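Taking it in order: structure first as structure tokens, then the write-up.
For reference, chains read A, B, C, D, E and F in written order, and residue numbers begin at 1 within each chain.
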Amino acid sequence: MTHLLAVPIIVPALAAALLLILHRAPIVMKRAIGIGATVTFGIAVLAIFAEARSGAPLVYRLGNWPSPFGIVLVADRLSAFMLLLTASLALAVLLYAVQGWDARGKLFHPLFLFQVMGLNGAFLTGDLFNLFVFFEILLIASYGLAMEGLEVERLRATLHYAAINIAASSIFLIAVSLLYGVTGTLNMAHLAERVAEVRAEDVGLVRAGGLLLLGVFAVKAAVFPLYFWLPAAYSHALAPVAALFAIMTKVGVYAIIRVTTLIFTGGEDAVMELTAPWLLPVALTTLTLGTLGALGAQRLATMTAYLTIASVGMILTGVATGGSKGLAAALYYLAHSTLVIAVLFLVGDLLRRGRGATGDQLHPGPPLRHAAPLGLAFLFAGSTVAGIPPSSGFLGKLIILQSTMNGLSVVLIWTVILVTSVLTLAACSRAGSIVLWNYVEPDQPTHDRPPRAGEWIALAGLAGCSMGLVIFAAPVTQYADEVGTQLTSRESYIEAVLGSGSGDFVRPYAKGKVTP
Amino acid sequence: MTLPIIILLPLLAGTAATLLLQRRGFSAAAWAAALPTAASLALLTYQTPTILAGERFLQSWQWLPDHGLNFSFRLDGLGLMFGLLILGIGLLVILYARYYLSAQEPIGRFYALLMLFMSAMLGIVFSENALLLLMFWELTSLSSFLLIGFWTHSPLARQGARMAFAVTGGGGLALLAGMLIIGNIAGSFELSAWFTARETIRNHPQFNVALGLILLGAFTKSAQFPFHFWLPAAMAAPTPVSAYLHSATMVKAGVFLLARLYPLLGGNPMFEYVTTTVGLTTMVFGAYVAMFRHDLKGLLAYSTISHLGLIMFLLGLDTPMSSLAAVFHIGNHATFKASLFMAAGIIDHECGTRDMRRLGGLWRQMPQTALLAIVAASAMAGVPLFNGFLSKEMFFAEALDLHDLLLLEDIAPVAVMLGSMFSVAYSVRFIHDVFFDEPHNLPHQPHKPPRYMKVPAEVLAVVCIAVGVLPGYTVAPLVDVAARAVVGDALPAYRIALWHGFSLPLAMSAVALVGGAVIYWLLRHRYDLHLHVPAHYTGRLLFQHAYDGSIVLAARLTNQLHNGSLQRSLALVIATFLGLGAWPFVEHGLDIGKVTSSTLTPPGIVVGGAAMAGALGAVWFHHTRVVAIVLAGVVGLAASIAFAYFSAPDLALTQLAIEVVSTLLLLIALALLPHSTPRESTRRRKMRDTALAAAAGAGVAVLSWAVLTRDQESIAWFFLENSLPRGGGHNVVNVLLVDFRGFDTFGEIIVLGIAAMCTWMLMDGLRGERQAERPSPAADRMIFAVAARILLPFALLVALHMFLRGHDLPGGGFVAGLIAALALIMQYMGEGLRRMLAHIRIDFWLWIGGGVVIAGVTGLASVVAGFPFLTSGTRHPVVPLLGEIPLVSAMGFDLGVFMTVLGTTLLILTSIGQVHRKTSKTEENQQWNS
Amino acid sequence: MLLELLISAMLLVGSFFLLVGSIGLGRLPDCFMRLHGPTKSTTLGVGGMLLAAVLSSIPDGLSLRETLIALFLFITAPVSAFLVGQAALRRRLPSRAPLPEDFQDLRH
Amino acid sequence: MELIMAVGIGIVTACAVYLLLRGRTFSMVLGLSMLSTAGNLFIFSMGRLRPGASPIVAAGAESYADPVPQALVLTAIVIGFGMTGFIMALAVRMHHQTGSDHVDGLDPVLERRPEHGP
Amino acid sequence: MLTAALYIAFISIATALAICMVRLVQGPHAPDRVLAFDMLYINTIALMVVMDIYYSTSVFFEAALVIALTGFVSTAAFARYLARGKVTD
Amino acid sequence: MTKLCPFPMLSMALASAWRLLEGFSPLHLASACLFAIIIPFVIAPLLGGLPGIRSVPGAIRLAGHVVWDIVIANITVARLVLGPVSRLRPAFVKVPVTVTHPSVISLFMSMISITPGSIPLELSPDARTMLVHVLDLEDEEAFIAKIKERYERPLMEILEC
């Protein structure tokens, strides 16, 4: 019995709870607990990754109840991959934050750990309602993180963010319970079986449940036309928070992938295929509008926020293409975009701090004191996000383009991807040339603290991961292919969770029949 | 490893060294850049004999083989020629730049970028893998962006850099698409494989699309009309950059690419037609415009455009000799144009201006510079004895020998003549206006340039003459292998020589020279060239408009889509979900089931009616907020009655307690907010919202009705059967909460805890503004506080009761926590927080955090015993006198729940409750009396 | 049988007073007068129901738990009534009985 | 009763949505809170309506209500309360800082400016 | 007979609830509504108790107990808000 | 003992309430004792102000009075409510308060409140006068005298205040 799968959830949760008890403790202690917990679960994640890679999904039955009755944690390759990404990002962001940001927010460390716990839980759980719970955890923690500092703009952005997502959570509940009402189960693997054998008269209801569910995930993923909460929330959040949020939209993407590959896969008569007609147009629209938003942005952080949206569009384009190749491409791009957007938020923060009152506004500001390293950092981030080779952005784009090659809509997809690439390039070069090249003499000297070594290390770590995606492109894409293969053959997941002999897990309700 | 080393040496060694050495002075930096370049050059030269002997290298390492991307390199004649040009001219530019840049400038950065560019360029010419080539291609765009924008303070530099980046980078994306198509057809991205599969690829229906995309990439990079405009704008770069990038290297990447792919593309009618047409147009256009540029570098830029058009034209033609001419002219143009740029740089450097209207008579001050400029300009004009003459003569010969090119056959000779005459004219102008004319208020008296600044230009000038006079002994072998790399072994017998006897091309050269001189004389003395106001930079302006416009448009579109209105975003979200929910039923129809289990009862009707009336009333009265709370409270009460009636007492309990807490919460908050809502919604807005609301309501009602009337199959039996024997409790719902689905509950108390933390954080800082607590009115103190005090012990008792029985009967940690919290909240309302806390010390944080820890640790206890997290254990120890005591480990978990719920409820309510209203007294009165 | 009769009687008595309370709430002309209905009659009405519940528990062994509800109700009902009345008074709601003068300035 | 339940849920949802779309934070929060109630009723209804069923496992019970939706509702109720508390506090803070309780936090001077176009 | 009495009780409670609802919606003043709201809660206690008798269970007892214990808190809060504009000191 | 069990009456009440809630078994008896002691102990500081009872028989007698009054007067109120509303003579009456202990005032006001026909609505800041609304007032003096005699005086006798 290995308890590995519980570690990424339990350890941050307990550490965060401990931090609550010790909320008056000195910041050093909080940092120690925060970093300790992050490192601990990071190690566990590595172990999970290593184990999940080899084949069958790992399953952890909480409370020792058999599936599909109890809640299960499942780590297949996709989950392991997302966990690893989360852990890497979390560690880097935390390192960045402990250079001083964490002391400004009142409750940074517990919120951070709860946020990470929510993310890990969402990636691990094999139960639809439990997924809701983890969504709520990561959301409420993110509200808290998003408003840290309590500036008006931040509050307003958080209010909009929270209002839309709380409304969406209600719909999440409706969708989950609707699926329960018709299929009688909550376990995702079991749900997959139940949905496959749904009666004709229930098809509409199940599809409605599935579509509502996907809609909810689309809100979290920030897909058109449900992304309006994102730009303000991300662009006004503290830099390390925004950087951590780079993975938040990916939770939505993950959930879309999970649900569409496991539960609503279409099957023989394709009646349960939910995404075919609309996912691609939606993805491309998201990509386009995200890019346009980045192009028209007035602030660096806003630009990055819109690039987050665009990246989701790009990933979903890969997902919409379908098949293991499309998924693999989407996954590679997902990893790339998460890392680079985090980098971009952090670099943006360093630039902002160097520009005094001008902040990260895209108009001329005072000359930067650390122009060379900052310029290099922005150059890296900008060219990576714009897909200039030899960055992970280029490879990601390349793989997505290749994966969409033999589809019907290839002309449309390529046109959108290439045109948005040019626009992204224009946006980044514009932003960079304004922020780094265009100086005016400052009215007053800037007092913000200069970049610290730890911040550089955090940045370098993330950039290193991004470059790792390039240097080790072959093993990474091979892993992504394996993920895609595993996702497109859902039987292994179902068997790992439910066992091979699929029993009669559901029973009709009958009055007076139950004898305890 | 030779090729990768040649490519990477400048980048790695150069970048590192230049950055490290920049503080040690210019010379150190220059040496640091020059030595690796020289080393690369030496390595390449070492390979030269082999290549000249007709061999070629292929080296390959795998990178991302599944996606066709490999480190594959090729060294053949074409690559060799380009490599020598890149490294050789690069070396000269490094030397030149050392004297060109002024002392304050960051020379380390300059050389580092130059080295980056050099490596990228070498990468292009040595790539065997198309995708690898493309990566280097885009890297040249990036590094040229950085180099053009090197003088960051200049708006023109920034603009020019962005423009070059957008055009060439964008072209690169088109190229990417084209290559992907071909790679997909060929099943490989190795160029050799493409050449082998030539027929398959060319017969594929998608080939023409790919070709178009590739040409787009090449044309943008090589500044072909109508994509030429970025090149003049790029003249804002430091002159060494222009000399290197915009004459010898980067702009040649486009023609290089077509030469490289010639085995695949050559002879394709579309390729030929498009390329020759574009090339010819560009050539004439560029030459024509060049005559009218007053800026030296502007003239040279348009001249470059023109020559690139010439090369493009030659490459496009489907004859082996034309390709040879193209390759030859690439080299010639690189030498004389680099030299001219350097001369222009020297002039600019020494006179402070590049405006030919102001310059003049420099022959006297700088005769050596004048001489080498004259040599280079003569080569540019195609004067015999200089290298340009040789390739230009071949060009004339090819232009006269067109066939199968429709209209072009008739136009080409005329166009070629015109272009050549213009070319002569601007060359003459360059020399005459700068060195012989009279100066007009020069910024300062020109002085002699540093000795070594002239050396690079001189070297190039010597090359121009050497090649021009003795082609056979200098470049002929190189050009030959390069051309063979392009057209294969189809080259006929030929001879590159100064003298071919009297021929039509020779006559054309002569006519061009004389005609060009006449044109210049006419322009200068009849047209008054110096008063000519340069036409608008049409392409550039168009681009700039498009660029700025797209930014403005993007911003406007974004702002219109997302105008910051939450109401609108929410409406969109709701509308989207309505669509999502309705869509399946549009497709599949809706089946309502036939089961109805329960008959109508009077309380049922009334409670249902109360819920509806409460909800509708809350909407109707929502402007008076307190009334809306009352009415919304009815909905909650009705819900709890419904829960109770339909056999869910646990829900009823929780809903009741939560309802009270929520009401308190809303009221406490309302006390800090305006007491009423203004009537501000427009009629249209109300209609829209009503429609959305009605649709949402109808949708949810239909869904619930459809499910309610269906038979049910579910996993519920398992919980009912196992609750008692394996969960140790009669109350299935509670066993679900703390055992079967305890993990949900664990998450849920965390949500609560976080919510409380966030609430506390939000109210932080508002507490301090509070005035000293005034004693509450006597009546409140007497009546409410006393009742609260009396109820407290009983409420705690009831909470304990609920807690202890929860596993078997309705109750549990939640309800218990809520009741205990309410009991304490009553004290808080009666006494105030300070007095309450003075009496009972409760650290809310301890309760929240401790609750989560206890719940978690209880769950972990099973881990110690070797079971998964949250596995529960049941013990029924028999204690003397007391009898059997049912102990369920889940109770520890429930204790955690209890503590967290208690702590969070108190923290949330007291946090908000402690805030002092921030309104003036008068405002409060006004609001209050209304 | 007797027990059933008693239970029924208590139920009817409870119902009656419950109704009286509500009718008072509906019928009486001003807020101050309406206060009287709920605090008295309804409380008593619920008391009746509770008694019925106690009686109905006799066959399974008498349980007096419902008296706890009555106890709490008798503690809380006056407080509710007092506070609501105070709110009405302070907001100077219309009243058939003339409002006393020297309790005019009641706002603290 | 099924019909009353369904219609009730529908009407509560509709009213909640209408309130949610109002321009003031307080109405919006009230809407969210009501939406959560409606959602809970909906979840509950997914277990079908079983009046008179035993909620407790006991000998002689004739039938049982489906405990699963009940457990889900309990979780949802509590989470909903947490969310309501949080967003209410957020609204209070917004009002405190901007002087306006408009959801977009408008300048108090412009507090009654016309709303954005629909 | 008991069944009849229970039905009468149910109908009475329903009527009482309905009257409360009328007053609640009708007002005319906020304290009137709060009063009606309070009565709604108390009538609910009656409903719970009668349901216990009707189904001969005791599962609704706790709900009634909770209302009796805590229901008045919201009434008190409303009243305080109406009387003083704030709920807590 | 007083330290361990500061409010014996309350403890007894709690113990009996626990017994009512949980039924009778040795386990519950033990827990009843436990909680009856622990709860008052924990919240003792808050309860500090509660007056003790001086005479238990008096208290029972007073409780009997109140219950009787509730029943009798409820019938009266029923008649008033169901009868013609226009004949009612509502009035505000100022009642002087003699007792001073807050808890006792509270108890006094509660008694007035649950007995029909009268509801205290306000207490003067010095707690010397209370305002009572009477649904149907015949004689103000008699009313004041009656409630003071019937409720306030026994309270003063029974409670330690």
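We take it that a residue touches a chain if its C-beta (ideal position, glycine included) is under 8 Å from a C-beta of that chain, and two chains touch if they have at least 3 such contacts.
These figures come from a predicted structure and were not determined experimentally.
**Student:** Suppose you hop from chain A to any chain it touches, then on again the same way; how many hops at least until you reach chain C?
**Tutor:** 2
**Student:** Give me the fewest steps it takes to get from chain D to chain F if each step has to go to a chain it touches.
**Tutor:** Shortest path length, in steps: 2.
**Student:** With contacts defined as at the top, give the pair, A-D or B-D, that has more of them.
**Tutor:** Greater number of contacting C-beta pairs: B-D.
**Student:** So which chain is farthest from chain A, going by the mean of the CA atoms in each chain?
**Tutor:** If we average the C-alpha coordinates per chain, F ends up farthest from chain A.
**Student:** State the chain with the largest centre-to-centre distance from chain B, centres being mean CA positions.
**Tutor:** F
**Student:** State, to the nearest whole Å, the distance from the C-alpha centre of chain C to the C-alpha centre of chain F.
**Tutor:** Going by mean C-alpha positions, chain C sits 15 Å from chain F.
**Student:** How many angstrom lie between the centres of chain B and chain F, each centre taken as the mean Cα position?
**Tutor:** A distance of 74 Å separates the two centres.
**Student:** State, to the nearest whole Å, the distance from the C-alpha centre of chain B to the C-alpha centre of chain E.
**Tutor:** That gives a centre separation of 60 Å.
**Student:** Where the centres are mean C-alpha positions, what is the separation of chain C from chain E, in Å?
**Tutor:** Chain centroid spacing, chain C to chain E, equals 10 Å.
**Student:** Can you pull out the residues of chain F that are in contact with at least two other chains?
**Tutor:** Counting only residues that touch two or more other chains, chain F contributes 17, 21, 109-110, 122, 124.
**Student:** What residues in chain D touch two or more of the other chains?
**Tutor:** Residue numbers touching two or more other chains: 20, 25, 28, 38, 40, 42, 45-48, 52, 54-57, 64, 66, 68, 72, 75, 79, 82-83, 86, 90-91, 93, 103-104.
**Student:** Any chance you could list the residues of chain A touching two or more other chains?
**Tutor:** Answer for chain A, listing residues that touch two or more other chains: 129, 133, 136, 140, 143, 147, 150, 159-160, 163, 167, 174, 178, 180-181, 186, 509, 514, 516.
**Student:** Does the chain-touch network form a line, ring, star, complete graph or other?
**Tutor:** other
**Student:** For this structure, give each pair of chains that are touching.
**Tutor:** After working through each pair, the chains in contact turn out to be A-B, A-D, B-C, B-D, B-E, B-F, C-E, C-F, D-E.
**Student:** For chain C, which residues count as touching chain B in their complex?
**Tutor:** 68, 71-72, 75-76, 78-79, 82-83, 86, 108
**Student:** Inside the complex, what are the residues of chain C that reach chain E?
**Tutor:** So the residues of chain C in touch with chain E come to 4-5, 7-9, 11-12, 14-16, 18-19, 21-23, 25-26, 31, 34-35, 37-38, 42-43, 45-46, 49-50, 52-53, 56-57, 63, 65-66, 68-69, 72-73, 76-77, 79-80, 83-88, 90-91, 93, 107-108.
**Student:** For the complex, which residues does chain C have touching chain F?
**Tutor:** Checking each residue of chain C against chain F gives 16-17, 20, 23-24, 27-30, 32-33, 35-37, 39-41, 43-44, 63-65, 67-68, 74-75, 77-79, 81-82, 85-86, 88-89, 95-100, 103, 106.
**Student:** Which residues of chain B touch chain C in their complex?
**Tutor:** 774, 777, 779, 783-784, 787, 790-791, 794
**Student:** Per the contact definition, I'd like the list of chain B residues that touch chain D in the complex.
**Tutor:** 563-568, 570-571, 574, 595-601, 604-605, 608, 611-612, 615-616, 618-619, 622, 625, 628-629, 632, 635-636, 638-639, 642-643, 645-651, 654-655, 658, 661-662, 665-666, 669-670, 672-674, 677-678, 680-682, 684-685, 688-690, 692-694, 696-705, 707-709, 712, 714-716, 719-720, 723-724, 730-733, 736-737, 740-741, 744-745, 748-749, 751-752, 754-756, 758-759, 762-763, 766, 808-810, 814, 901, 904, 908, 911-912, 915, 918
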